[in-house]
Amino acid sequence: MLYKLIQTIDRFHPFSEAKAHCDIPCGIYDPITAQINALTVVRMMDLIAKITEGDPKDHADYHNSITRYISVKEEHAEKAKHEIRVIWGDFIKTAHTEKYPQLTELVHQIMQLGSKCRQTADRNQGLAFVDAINQFAEIFWAIKEVKTKKAKAPYAPGLEMVYPDL
Amino acid sequence: MLYKLIQTIDRFHPFSEAKAHCDIPCGIYDPITAQINALTVVRMMDLIAKITEGDPKDHADYHNSITRYISVKEEHAEKAKHEIRVIWGDFIKTAHTEKYPQLTELVHQIMQLGSKCRQTADRNQGLAFVDAINQFAEIFWAIKEVKTKKAKAPYAPGLEMVYPDL
Amino acid sequence: MLYKLIQTIDRFHPFSEAKAHCDIPCGIYDPITAQINALTVVRMMDLIAKITEGDPKDHADYHNSITRYISVKEEHAEKAKHEIRVIWGDFIKTAHTEKYPQLTELVHQIMQLGSKCRQTADRNQGLAFVDAINQFAEIFWAIKEVKTKKAKAPYAPGLEMVYPDL
Amino acid sequence: MLYKLIQTIDRFHPFSEAKAHCDIPCGIYDPITAQINALTVVRMMDLIAKITEGDPKDHADYHNSITRYISVKEEHAEKAKHEIRVIWGDFIKTAHTEKYPQLTELVHQIMQLGSKCRQTADRNQGLAFVDAINQFAEIFWAIKEVKTKKAKAPYAPGLEMVYPDL
Amino acid sequence: MLYKLIQTIDRFHPFSEAKAHCDIPCGIYDPITAQINALTVVRMMDLIAKITEGDPKDHADYHNSITRYISVKEEHAEKAKHEIRVIWGDFIKTAHTEKYPQLTELVHQIMQLGSKCRQTADRNQGLAFVDAINQFAEIFWAIKEVKTKKAKAPYAPGLEMVYPDL
Amino acid sequence: MLYKLIQTIDRFHPFSEAKAHCDIPCGIYDPITAQINALTVVRMMDLIAKITEGDPKDHADYHNSITRYISVKEEHAEKAKHEIRVIWGDFIKTAHTEKYPQLTELVHQIMQLGSKCRQTADRNQGLAFVDAINQFAEIFWAIKEVKTKKAKAPYAPGLEMVYPDL
């Protein structure tokens, strides 16, 4: 049945023409949204680490803050995954994955890291998430033939990020 | 840098243990939600085809119906893609993609077909979308060691679907 | 004023014709979505019970997990209620409630149980919620003249569910 | 099985105490949100009627406006239904439906009228929707023992509405 | 560049005509939605205060309730801000801000108070939020030339609110 | 009453300390999200202009495309407004509006232009929207003491944008 599907798809997805056409239905892709969301995840992990330091607490403000940090972390990890999924699903064609064979596995890792970032408050997971999305950004801009540079994000946690060199 | 990332991930993602643990953080996965959403996409394509038959129309009820069909089609194609992304990102581990090497490409095709189903009202795209998601369901249930069967969906458009044989 | 309304409605809702037409505006109804959401509620209650066992805890991972379980429980209880409301409001006609006089009270109970499942972490409320939605599924499929069977859900918490026998 | 459910529910839903406690878990209920949403539905129907008068049109601004009116109509009809469902499911207890036996049927009609308002651009459906929700508001405030009055809404379409007399 | 923008805007925003036209694109504005949302924020603060009284707690029901109160508080503070932003951005024109010069600063304060209400569980912030939104309502109805009155809200926390005197 | 409010606010909003603290509750602000959303609005206007050229059309694909363009335009104009509102409400303090007295009026114009971009398909409104948001970005980065540069966006419609010079 897979064979039949591939035939069916071939009829509708002229991949060899993909590059020329991909912007017409697709609009505007930019990994910066995923990158900012991933940075926010690390930021929330830092705030969670800070508030849970020291003795156990059990008052309203403590609960209010930690619940908000966790909830913002959830939301931004999810948004980062969603943004990468959109670029991967709508912009990346078979021609691109042939040129960058590590791309699909990288996307799969981003999804898994995003889930890890929701399941824990472990900063190392957050850093790996940011790192993986930066790698994705590097490949994305290379496909677009736009040069990239590295620079520290202009806000906490101030990690080194991949930016297009415009 | 990729190498460094894979090292980092390896430290946090003990894939060899994945199968045993995957349900604990993950909750409940079921491709039926994606399947119903994909069926709804075809249903909307059928309603769009029916309403646009014959002479051009330009009255309120016509606009009301076609706008709603398009909008429901959009939403359900997106939901189907989202559901597959969640199962792929949270449930599917490297061990699974090694056993089912076509799986990642199939997921990529589902994303592309879902976008095609949003961009057009072409029933063939809708059928290919349903077909690809049924294939995904087949692999998913095989991983879960649950037998599957094929049966017509109990509602229009009544396509043949893959169901777990419970 | 009620009398006037019923007259008004009668003019626009030819209930005697409802059965023949109900699928045309309505698309695809399936209680399985509500059933999966209700199962997820019980699953979250089980995870909450497990994590709160033993001594009080007050560290980041504990807060992270319990907040996520509560939040997933909230969301899925709400989705289950929403799905049932849609089927009840769009698919169920007066002719059906005449044939199944317990149906409206059952829907009201589902709404109340869904709220109870949000307000507490009490597994008995979750079980009653699943049970009530299974009863709704049984009536729904009977109206559609599709036979049903009972089988254990193929994922935790593995409760007995009502499925269409396709 | 229904009998068993009712037993189960009885154990957790002490309906005889419902009135005293209902505000504690429930927060703040007010049908005004549903009423404003229903008024908006009629307003959109009026705008749709106005823009589709006369000769067929096919330019960007026409499509832009009619698509937005339809989409706002959709959203507000849905919100109105949702608001009524919440009050009915969380605030209304069996004791209330015994005192106001028409209430459940009224809620069912509101759901059906809300769907009709989405499916058509027919102002009569919109008026019936507003009327039914006003009746619901009248009963709601009677249960709360707050007097009501009738007054024209202070914005188009300026229909007569039921307001609490504070 | 600002000068150029103002020129550009002037061409498209004939402010002198704003009052006559503002309802046509805008639909139905009513600050009551923001007011109810702000009241709900105070209500949640009261519930949080009550549940956190006394000794530290660490069981499932406590976490379930406090997480829900915080989350409802978040959502309603955000909705209140959103509603005010919509009225300010879509209904309020330069002519209005000239007549009510304190209006813009008041809107800015509402945004800041809304954020404070999310960041803390401090009832004084909630009261200031309700007060600021009531002031906004007073100006809004004055612009609409609708008289207002003050009355206690017919639900907890029963604060004095500004209502149109219809 | 305004006076009382300002007193109340003063007690809780120590504006003189705002700059030092503003990042701690606030997380990560970046106008790029609003800028990308505004660019997308212009892109959709271009696609709408292209598809409505020439003779009237009335087939499924035409309706499908124009409805999607309008709906994407709606959503992105709204998101851009929301992002600016968040930065203005959470990051911008009275000290900033004193230093940049045009800021509040600029934010008000962004809200109005965003609504114009939803109400029409007029590219000039889209350009004015992008321009106003670029001005906001310029002031935002100046407050953060980050230098900016101008460069063409690396995707259609390729307008000149304000970027931080990292």
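Going in written order, the chains are labelled A, B, C, D, E and F, and every chain counts its residues from 1.
Just so it is clear, a residue touches a chain if its C-beta (ideal position, glycine included) is under 8 Å from a C-beta of that chain, and two chains touch if they have at least 3 such contacts.
Remember, predicted model here, so these are calculated numbers, not experimental data.
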| item | value |
| --- | --- |
| Duplicate of the B-D contact set - from A-B, B-C or B-F, the pair where over half of the pairs recur | B-F |
| Centroid comparison with chain F (C-alpha atoms), farthest chain | C |
| Residue-number overlap at the chain A/chain B interface, same or different (half cut) | same |
| Distance from chain F to chain A - Cα centre to Cα centre, in angstrom | 23 |
| Approximate Å spacing (C-alpha centroids) for the pair chain A, chain E | 34 |
| Per-residue overlap in chain A, given as positions that touch at least 2 other chains | 56, 58, 67, 71, 119 |
| Category of the chain touch graph - line, ring, star, complete, other | other |
| Touching pairs - complete list by chain label | A-B, A-C, A-E, A-F, B-C, B-D, B-F, C-D, C-E, D-E, D-F, E-F |
| Chain E to chain F touching residues, read off their complex | 1-2, 4-5, 8-9, 11-13, 25, 81-82, 85, 88-90, 92, 94, 97, 102, 104-106, 108-109, 111-116, 119, 122, 124-125, 127-128, 131-132, 135 |
| In the complex with chain C, residue positions of chain B that touch it | 23, 27-30, 32-33, 36, 39-40, 43-44, 72, 141, 144, 146, 149, 151-152, 154-156, 163-164, 166 |
| Residue ranges of chain D touching chain B (in the complex, touch as defined) | 48-49, 52, 56-58, 66-67, 70-71, 74, 118-121 |
| Complex contact set, residues of chain B against chain D | 56, 58-61, 63-65, 67-68, 71 |
